[in-house]
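Starting off with a structure, shown below.
For clarity, chains are labelled A, B, C, D, E and F in written order, and residue numbers in each chain start from 1.
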Amino acid sequence: MEDLIQLSYAVDTFYFLVMGALVMFMAPGFAMLEAGMVRSKNTSEILTKNVALFAIACVMYLLVGYAIMYGGGGMLIGAENTVDEVLASGGDVYYSARSDFFFQVVFVATAMSIISGAVAERMKLWSFLLFAVVMTGFIYPTQGSWSWGGGFLSDAGFVDFAGSGIVHMCGAAAALAGVLLLGPRQGKYGPNGEVNAIQGSNMPLATLGMFILWFGWFGFNGGSELKLSNIDEANAVAQVFVNTNMAAAGGLIAALILARILFGKADLTMALNGALAGLVSITAEPLSGTNVESMLIGAVGGVIVVLSIVGLDKMRIDDPVGAISVHGTCGIWGLMAVLITSDDATLSGQLTGLGAILGFTFVAALVVWFVIKMIFGIRLSDEDQQVGADVAEIGIAAYPEFSK
Amino acid sequence: MKLITAIIKPFKLDDVREALSEVGVQGMTVTEVKGFGRQKGHTELYRGAEYVVDFLPKVKIEAAIDDALQDQVIEAISKSANPGKVGDGKIFVTALEEAVRIRTGETGPGAV
Amino acid sequence: MEDLIQLSYAVDTFYFLVMGALVMFMAPGFAMLEAGMVRSKNTSEILTKNVALFAIACVMYLLVGYAIMYGGGGMLIGAENTVDEVLASGGDVYYSARSDFFFQVVFVATAMSIISGAVAERMKLWSFLLFAVVMTGFIYPTQGSWSWGGGFLSDAGFVDFAGSGIVHMCGAAAALAGVLLLGPRQGKYGPNGEVNAIQGSNMPLATLGMFILWFGWFGFNGGSELKLSNIDEANAVAQVFVNTNMAAAGGLIAALILARILFGKADLTMALNGALAGLVSITAEPLSGTNVESMLIGAVGGVIVVLSIVGLDKMRIDDPVGAISVHGTCGIWGLMAVLITSDDATLSGQLTGLGAILGFTFVAALVVWFVIKMIFGIRLSDEDQQVGADVAEIGIAAYPEFSK
Amino acid sequence: MEDLIQLSYAVDTFYFLVMGALVMFMAPGFAMLEAGMVRSKNTSEILTKNVALFAIACVMYLLVGYAIMYGGGGMLIGAENTVDEVLASGGDVYYSARSDFFFQVVFVATAMSIISGAVAERMKLWSFLLFAVVMTGFIYPTQGSWSWGGGFLSDAGFVDFAGSGIVHMCGAAAALAGVLLLGPRQGKYGPNGEVNAIQGSNMPLATLGMFILWFGWFGFNGGSELKLSNIDEANAVAQVFVNTNMAAAGGLIAALILARILFGKADLTMALNGALAGLVSITAEPLSGTNVESMLIGAVGGVIVVLSIVGLDKMRIDDPVGAISVHGTCGIWGLMAVLITSDDATLSGQLTGLGAILGFTFVAALVVWFVIKMIFGIRLSDEDQQVGADVAEIGIAAYPEFSK
Amino acid sequence: MKLITAIIKPFKLDDVREALSEVGVQGMTVTEVKGFGRQKGHTELYRGAEYVVDFLPKVKIEAAIDDALQDQVIEAISKSANPGKVGDGKIFVTALEEAVRIRTGETGPGAV
Amino acid sequence: MKLITAIIKPFKLDDVREALSEVGVQGMTVTEVKGFGRQKGHTELYRGAEYVVDFLPKVKIEAAIDDALQDQVIEAISKSANPGKVGDGKIFVTALEEAVRIRTGETGPGAV
């Protein structure tokens, strides 16, 4: 029996690590998506932001974030489980504490990755990274503690399986706050209400990014079941995999068709956003719905994301990659969709969670962005935007030969 | 000598190059350009926002030739680059005062 | 004992899910390979096809395909295994039904991905997607039911471990039917029998695609053992991993050297095709051969693919990425190579399977392509091909800045 | 009990295979990193080298390398474990022999991948591949046998958990030998001591490569624990994952900040090298240090790599991707850093290992490079370098359209 | 006829195109170029090694026009391309001997 | 004034730029082009199919100069761009009627 507990523990820990590695791999997914959706003169800079924010998220979450979110009182991660503890628990302690940290830390990075896309092409590099320090060390963990850390939102019956709200909407709220203070890219909106198209420079990269994110999402949602080692849990993880996949498929098809109807052509970027929208939409509850329900919830997400992208543009909220729509608007939809499939969720619980996370994150982020803006500035000058952030901030062109 | 500059549709490049070779043009230089003209661009939507594609991809051919060849060259280009649609392009002729072959230092018509 | 069955079930389910995720990741592999092998004016369109076909495959296989292929009488997937059922079975039911669906669905997408490459640069987007609906919902599952679904081919002793025939040759047969009705790309063949080279626009993408496919193939073949949880099965899975790897290595080297001999230079694209040829060749039987045998079977595949690509061009069958050669010609070779290493296979069994799959798929696909051609048309006009499918169908250039 | 041993064996084998697959995926990581860091006229060639060296490594290590490194007396891998052997061992034989080969073979390829970057843009293709045959078949396995094969270095108490020295420094030493015989790229150094910048052509690819390597490194280090199936081992694997991640994060941030200070801008390529430097630095001992210690060891690696890159350039040792600094200088640092965190390591043990591997590999590689140089030549002529290795060796431009 | 060649900063292209259209220029051809001039480039460091960015991205506009338009065109370009900073660019005028519209065979001023 | 157009091999660009600066040319504009000439391209095989690389990468330098500089400039380019191999390139000279510095409105030789 003890041997079985030992092996179970190993299996659950391994499951957690593999799922975490998949989530970690979402980092290049975001990086490629964003690199493909900006102009080439800003590509090295967005890449630099993406690699640096990932590293910052890891460091800040290790030093303070994890302790804020999951208690442990103080800094750093707590001690690893001893064999005696595990055996004494009779299987209640069923995975390594380190594996838990690993799985959690890659979520923080995901939340932060959302932001870099929304503020792309006009945000100063170091101001952004400073925000990343605060966001990953304090803002994200604070609101995360309310639900996953066992705080008041978990008491309020708020259901958010893998983080449509806690991760995605949270990132989008912080992004929105930044975008409002930052303003649109130079030339994005004309004086008479024109919305000018600014094309992304590299569609294969954007597509690769989307597929990597889809792949990584199996870890994101699949790992959020937290346990694998018996029949029920294994069935649950499998169900989560299938539902996650179906939601992405539904979102992609819905967005592609809607774009075809609205715009006359098969807008690839909308299809990419549609798949991600489906994924965000199902993330709050990828377990309790049927496969077909999940597909439909994803499809609705795909419709929403197209409308949201067009709508934000109308409101002159400039988001080069559609991050606020994908993660914010669809994050909200995901939280609401829980009510369709889950018996555990209540309208009040969901609204409480939604309001608390959105309100807190938006306000906290607004304050932090504002302070950074006052002290260092956050917006690249028009001249820097003209020559591009790569020249202004990085000194290395993404494709130095192509524009020669 | 003359410098003949032709702006044509990209997929006609091979045809024009052959036609020029046939009338005895031994060298030319080609540039990728964008053209704006009577051939109207079209409006596209990118993520719901309109943009006008008014600069269309063209290819510019420059060939320095002997004066005597001018008519033949113009005819060769005109025929080979002409599917008879708007946007087929232009030919411009300017006077060339001097030409030098760097390798040999030759000048004048012998250098082109 | 029950606990052990529970844990075993969890391990086998997890194994299935991880392998399935690797196969899912083959989707960007195909997408990048194809995006790299077409001209940039058709790149956004091939990307759109790749993302959309994957989503369509998931939806169609959920709605009807899986039920056609694995019985279950009707639509959708059957119910999940209950704990009681599993325990009562004493371990005979050893993985989640959902995990099985997940593993199978990504195979369908693979078969479909093969096709997009062969018809690239001249096939209408929406006609292609319509074909994808029929292929993934009906054609693939029908022939798949004959072998993996326990139909007459499995009775006939047809051996096709992971699908050299059922997946790869099937996809290639459907592709060939399409190509024959579609004709070559404008300008590919000259009036006097010239074969004009049309270079792929992005070699790093093509290389990335090949490597991703190689990586994903560990899931494709490794997962097809279907069980992991005892010593024999674990050894078998490990053997499959090594043999798969060796076949790819053998194919790559053979193709690279042969291309060097035939063409005078080290044709990178042939090396890429060679690795994939090796993988396809071993897929019908990656278990029973030794590591060295597998390497050699792969190497023969690498030779075959080069000759097949050149040969198809001679026959004026235009296949921009070499998909018909890699998956079709080498798929056939893979089915035959089973006879070398496996005692279970018989010549008649293999030929029966080969003929049935090839014949049925080719004819069925031909009919479907034909109907679509009659109703909607399948070929882009010469003018659309000149400006490129991206302008004609997508409205978004893959690299809008580069060709400025 | 026997069933439990069976399942444990399956779990450990599966763990090994999954980790091995991650390491295999490092191959495209290196390929993309290098493709991004060279000029586009040499990109197809570096891709060809990367795909071919991987295949060669697999073949040579199967045929002779593995037997040299792990005994077995002769060629090829030994026989697979039988069920009886495993059960009789009572769990001492705990994973498939084939899975061990799979895990080891991808390490060889890693060592070889290091070299292609350092000699990029001026090394003849086929001479390089010939070196790959010797390196992966003989040089690497010989020195590897001294430690991991149970030879004199393991007796000397040399500690190198996952191969900072055995894999990374070894690869870098062979690279250095090649670079010294090969000389710098044409135009890299001016007559008056100028160091001319030669920019990499594609930053998104380089960034993708770095992220893939980071992802694959979880397999590299995580799998090197070799066992997972009990609480202690599972905790150890989890600790290795977290430490590996923290070292990369530390290295990236340190290099980015140092580059900012030294060069005035946020040099993306240095950030990428910094992350890899952190990873190499922790690879010799990712288990015994705390998470914070690991982060700091990585950060020191990040500082070292920037200084080393600049320093090698001063010494006119041309390394287009920084491979010698990342894997060599930081490999040495990694071996020394073991002394900080591990009680098992001794200064003399570490220095013995360092000296033996470095000395042997450098000399052996120098001899092999020299012989190849004498017989076939290793350096592309200045004219070939001008037109680019793609024209000279491959006949296929990486981006044929862009430079039109 | 004249061939007007203007070298301007890339982000001024749309403004200049509009200004040209307003004075009646119906066609033009645009090329991406790099310029070297009084606007000094800057020194960058790449991996610690210096390099000078002395060629800056510019756009070249070529328009064949009727002689009569010359002054207006020069003024239109000068105004629209001019933020008054070093590097704003140049306008060159050369004589054009002949122009042909490929599609119709028209020549002379009517062809431009 | 003259407009000097030189078509050279790409890797000679830095040398030519320096040689031009030395003789007092203060500005120039550079374009990536493809050249067809006596330097024959080569035949390559791509996946077994032949294709002819007859357009080779070249760089085009345009410099507006004062008449007085013409000989010096031609010599400077000829020397610096000349490894003495076929395909080294050409120099073309055309008359420049007018030059304008957009920033200042200066015209004539002072503007170049």
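The working rule: a contact is a pair of C-beta atoms (placed from the backbone, for glycine too) under 8 Å apart; a residue touches a chain by one contact, two chains touch by 3 or more.
Just so we're clear, the structure is a prediction, and the values are computed from it rather than from any experiment.
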Starting at subunit C, fewest touch steps before arriving at subunit F: 1
Chain pair showing more contacts of the two, A-E and A-D: A-D
Candidate from B-C, A-E or A-B with the same interface as C-F, over half of contact pairs in common: A-B
Centre-to-centre distance between subunit F and subunit D (centres being mean Cα positions), rounded to whole Å: 45
Computed distance of Cα centres, subunit E from subunit D, in Å: 51
Averaged-CA centre spacing for the pair subunit F and subunit E, given as whole angstrom: 18
Shared-contact residues (touching 2 or more other chains) in subunit B: 31-32, 34, 44-46, 55, 94-95
Multi-partner residues of subunit C (each touching 2 or more other chains): 4, 7, 11, 18, 199, 202, 208, 263-265, 267, 269, 395-396, 402-404
Interchain contacts, given as pairs of chains that touch: A-B, A-C, A-D, A-E, B-C, B-E, B-F, C-D, C-F, D-E, D-F, E-F
In the complex with subunit D, residue positions of subunit F that touch it: 11, 32, 34, 44-46, 55, 57
In the complex, subunit E residues that touch subunit B: 3, 17, 26-31, 64, 94-103, 105, 111-112
Interface residues, subunit C side, partner subunit F - complex: 195-197, 199, 262-265, 267, 269-270, 306, 309-310, 313, 322
Subunit C partner contacts - residues on subunit D that touch it in the complex: 3-4, 6-7, 9-11, 13-14, 16-18, 20-21, 24-25, 27-28, 31-32, 35-36, 43-44, 47-48, 50-52, 54-56, 58-59, 62-63, 76-77, 80-81, 83, 86-87, 95-99, 101-102, 105, 125-126, 202, 205, 208, 393-402
Subunit E-facing residues of subunit A, complex: 386, 395-396, 403-404
